[in-house]
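Shared between the two complexes below is chain A, which pairs with chain B and chain C, respectively.
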Partner chain A sequence: MKKLINNPDTVVTDALAGLAAAHPSLAVDAENKVILRAGGPRPGKVGLVSGGGSGHEPLHGGFVGYGMLDAACPGEVFTSPVPDQMLLATKAVNGGAGVLHIVKNYTGDVLNFQMAAELAEDEGIDVVPVVINDDVAVEDSLYTAGRRGTGATVFAEKIAGALAEEGADLAAVAAVAREVNERSRSFGVALSPCTIPAAGKPTFELADTEVELGIGIHGEPGRTRAPMAPASELAAVALDAIGADLPVDGDLLVMVNGMGGTPLIELYALFSEVSQYVRARGGRITRSLVGNYITSLEMQGFSVTVCRLSGALARLWDAPVETPALRWGR
Partner chain B sequence: MKKLINNPDTVVTDALAGLAAAHPSLAVDAENKVILRAGGPRPGKVGLVSGGGSGHEPLHGGFVGYGMLDAACPGEVFTSPVPDQMLLATKAVNGGAGVLHIVKNYTGDVLNFQMAAELAEDEGIDVVPVVINDDVAVEDSLYTAGRRGTGATVFAEKIAGALAEEGADLAAVAAVAREVNERSRSFGVALSPCTIPAAGKPTFELADTEVELGIGIHGEPGRTRAPMAPASELAAVALDAIGADLPVDGDLLVMVNGMGGTPLIELYALFSEVSQYVRARGGRITRSLVGNYITSLEMQGFSVTVCRLSGALARLWDAPVETPALRWGR
Partner chain C sequence: MDAEVFRAWIVSSARTIEASRDHLTQLDAAIGDADHGINLARGFAAVLGAQEFGKASSPGAVLTVTGSTLISKVGGASGPLYGVAFRRAGKALGDDADPGLHALSAALDAALAGVQQLGAAREGDKTMVDALAPATRAFSKAVAEGASRDGALAALAEAAEAGAAATISMQALKGRASYLGPRSVGHEDPGAASTALILAALRDAARAAS
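Then we have the complex of A and B:
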């Protein structure tokens, strides 16, 4: 497996140096592995902090900026960041109105964010955590008790970030993040494995004729393996699983997300299938994202995330955002 | 090779259906394979049309919108679109001020755009073509007489699109596109081949220990094969080749582009190397893009494009743009 890196041990810090060089709107602390909005904390604004293992880019660092996150803490590849990173980020973004932690439901992330929150509370900072657990594929898994957190994280960061930018208080910002999570479901499919740089071999093996249904973003197993099928059938598998848990009717925000190695032409072909499926069931996709937003290194495959919009959520989704990976309307 | 498609014969039209469903700002004619800005031609504005084989997404359809292209014509995968598509697009975007054709230097594209221009002229539409040939890797190649057109196409579409949006005339818009091409150079490196859906097998073979230096965006051969090397060395190979043709000092716009299958964490690690290389030679990267912009299906690898900015070009680069793949500042 060839990687465009210098050294498996420095890939995260090397990428952080690149992020810093490319985006003057960010203040990147490469040594402590914290990505901040430049310009210090915003007085009176609720701060938003997220984080998790690296290898899922642009999540989370690519979502730091106006109208979204105030800070992101990247761990090593597929490894939770440590409480010190989260504490440092929490203190750095605290503008006196408290800090929201957006936490994907993986055991390490949840424990470490919890410890960081307690340390921050000891220093007089109000912290509220919201745990994202939108992945319907499996209950419990290699890294998780309960459902895993995946694509809804992007939606929660955007929508809660917009509300915080408007000056809402910590309780309201946390409530809207929770609401996004409750209204969102995801399901992923892998066509190939990926390789953690430090490991040097694929996280799993998959035959040329097979796909893994319900894959996790670390290559952890899903529901089952199945024969490779056309895009229309794979879209239906994902949406059947989502629809069994949450009706896919009404106004919807839908993300067709690439796992990192799937070309955009295929993601758009899949989005067409998703769109037809939803329309046939009374849904209207009024907002969408198609591209690589929460990835699994160079894995080939996709995930679909559906969020049932309210008018308020749609307005917050549309609000201006200015980050490396999402940018519009300002 | 697994593909997220329904059928190799319908992948382009299926993707166009997805593009249409995801982006209400576009008017997609899937039957004739033309992607237009919704709302018809802009009276008095120079129209911008580009096009080329599919498989390079988001190029060109992802760059249709305010401040960039008025239309894109996608061919079949790695195959030039036909003159009828280009003629249809040219007529559809003509607001009376003439139409610029931005053409990547591949023999089929150049001939077909030339034929379309002649047909449009017969109907009374002024057409000026600008041919992009920024790739320093090879003179002449499998698909090209002279140098190939690659990453500078994105820059030319953005900058000429901004000038057209301001109301400049056809000669001025063509001149700035030409200037961008003259001030830009590119070089690409492949870590893996890609597979055309209809062919079903990789376009070339590459050993686990090798890279192809100077790769084309259709997998056509570059300068040479070399042993796999760290990101710092691969960045230096690309920039040495560029720098031998154009000094990389002064204010620069730099794109580190993924070929489709390379994760963003690796592209940022590479951008860090590019940034250090340029700084050591007196260059300042004042504008940048890091991500998948002109791809080669699921190929793993990258290209670097450098444009020597003037104040005027920087201002046009910064101007508002609103397309599926580039969006800021409006």
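Then we have the complex of A and C:
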């Protein structure tokens, strides 16, 4: 294993120190692992807190700032954060209008955020959790932990963050986050596994001639394995899976996301395939994002996330944002 | 069994989890996200380092501080689930300085109830419940039949180990392994495996004290 780290045990805090050094707009508490906007909560604004395992950067810390999150709680690599962090963040961002928890649907994240919400309510803070579950690779049934939260998390954080910035109340901010989740679907494909620093070994084995279809974002294997194929075919596999659950027509926000080890040249080649596929089915990609936004360490691969836009959602997507990883309009 | 025996149990659990760190992580790599051994080892190390752990004066307090520390330090699903298990067991024991077998049986039942309430897993879902549930049943049966302390704890540990082994043939219905569907069959559940290790550590700690 070759990694640009000092020590597997300190990689998360070392990265937080770097985030703090690079972005004076953030207030980073490296000891308690909480990333906040510098300047504290704005009175009357709904606070947005998200969190999850580390290794998905820029998610979530890179999305803390004007028009998006108020706080992020990074856990250990691929491990959900603990309730203490979430409670600290929730108290720190509460401007009196309550706090939205944006939670990706993984058992650990859901359990820890649930405990944190109870603790925050004991302290008199209104908390509403919204669980993101957009990954169509997992059947949403009694027989699984439910669909995973992946790319739609980025959309929900951006759009709910914009509405909160406009002064909407907690119920409205939560409702728009839920709407984004309901209108979004994702599918991921891995060309290689990744290596958790503390484990030192790849999370699964994949031959040079194979791809893993329907992966999540934690280096976990997917549902099936298939022979390696051209970008056009892999894009179609992802969009067929998405389209089986959500029509890909009308105005769309589409993200082609790299898993951490895929060059932009390949992501743009994929985006071209995605846009041709969508156009052939009556869809119009009116907003897009191409790059590494929700990653899985150094994994090679991509995910596609499609969100069916309304006029209101498009306006909130376009609203100004100023975070380390997304910034426009300001 | 006094506070020292319970403390010895947790110390011995920490040791066995650390020794099995890589094994548990490998089990998790097969069907989860390859961090179970790493996280639990980190959590138990934090328990041993907690000031309140050394000071806890009753068995109930030892288990409650163990649970609270695991919730604070582990993260993932195993932090809250093991944390709740130890806290519920600790609360069930209350201030009793030397709980007997019936009190311990009630504490184990409370731990199981807490895990099932939080995680919503049933037996057969391929989770830690598949080790914990048969173990608590075997323990209360042995106690009801008048078994000795060592005998009842041996039954507890054996049932947990058998329960963990039985998860190999199960398809996961809860937790991250459920994403794999039928591909989760053929692998031991890491949470069931760590539960079996922790309950074996209880048997050994009691035996060493007698």
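In this text, the second predicted complex is superposed on the first by the 325 of 330 C-alpha atoms of A that agree within 3 Å, B and C clash if a C-alpha of one lies under 4 Å from a C-alpha of the other, contacts with A are read in each partner's own complex, and residues count from 1 in each chain.
Just so we're on the same page, a contact is a pair of C-beta atoms (placed from the backbone, for glycine too) under 8 Å apart; a residue touches a chain by one contact, two chains touch by 3 or more.
No experiment lies behind these values; they were computed from the predicted model shown.
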Based on the superposed arrangement, let me know which partner A:Ser25 touches: chain B (first), chain C (second), both, or neither? neither
So in the superposed three-chain picture, is A:Phe78 touching just chain B, just chain C, both, or none of them (first/second/both/neither)? second
Footprint overlap on chain A, where chain B in one structure and chain C in the other make contact: 77
Looking at the complex, which residues from chain A come into contact with chain C? 53, 75-84, 106-108, 111-112, 115, 137-139, 142-145, 148, 196, 198-199, 201, 203-204, 216, 218-221, 223
Show which residues of chain C lie in contact with chain A when the two form their complex. 25, 29, 32-35, 38-39, 42, 71-81, 118-119, 173-176, 178-181, 183
In the complex, the residues of chain B that touch chain A are 1-7, 11-12, 14-19, 21-22, 54-55, 57-58, 62, 77, 191-192, 208, 211, 228, 230-232, 234, 256, 260-273, 275, 285, 288, 290, 292, 295, 297-298, 300-302, 322, 324, 327-330
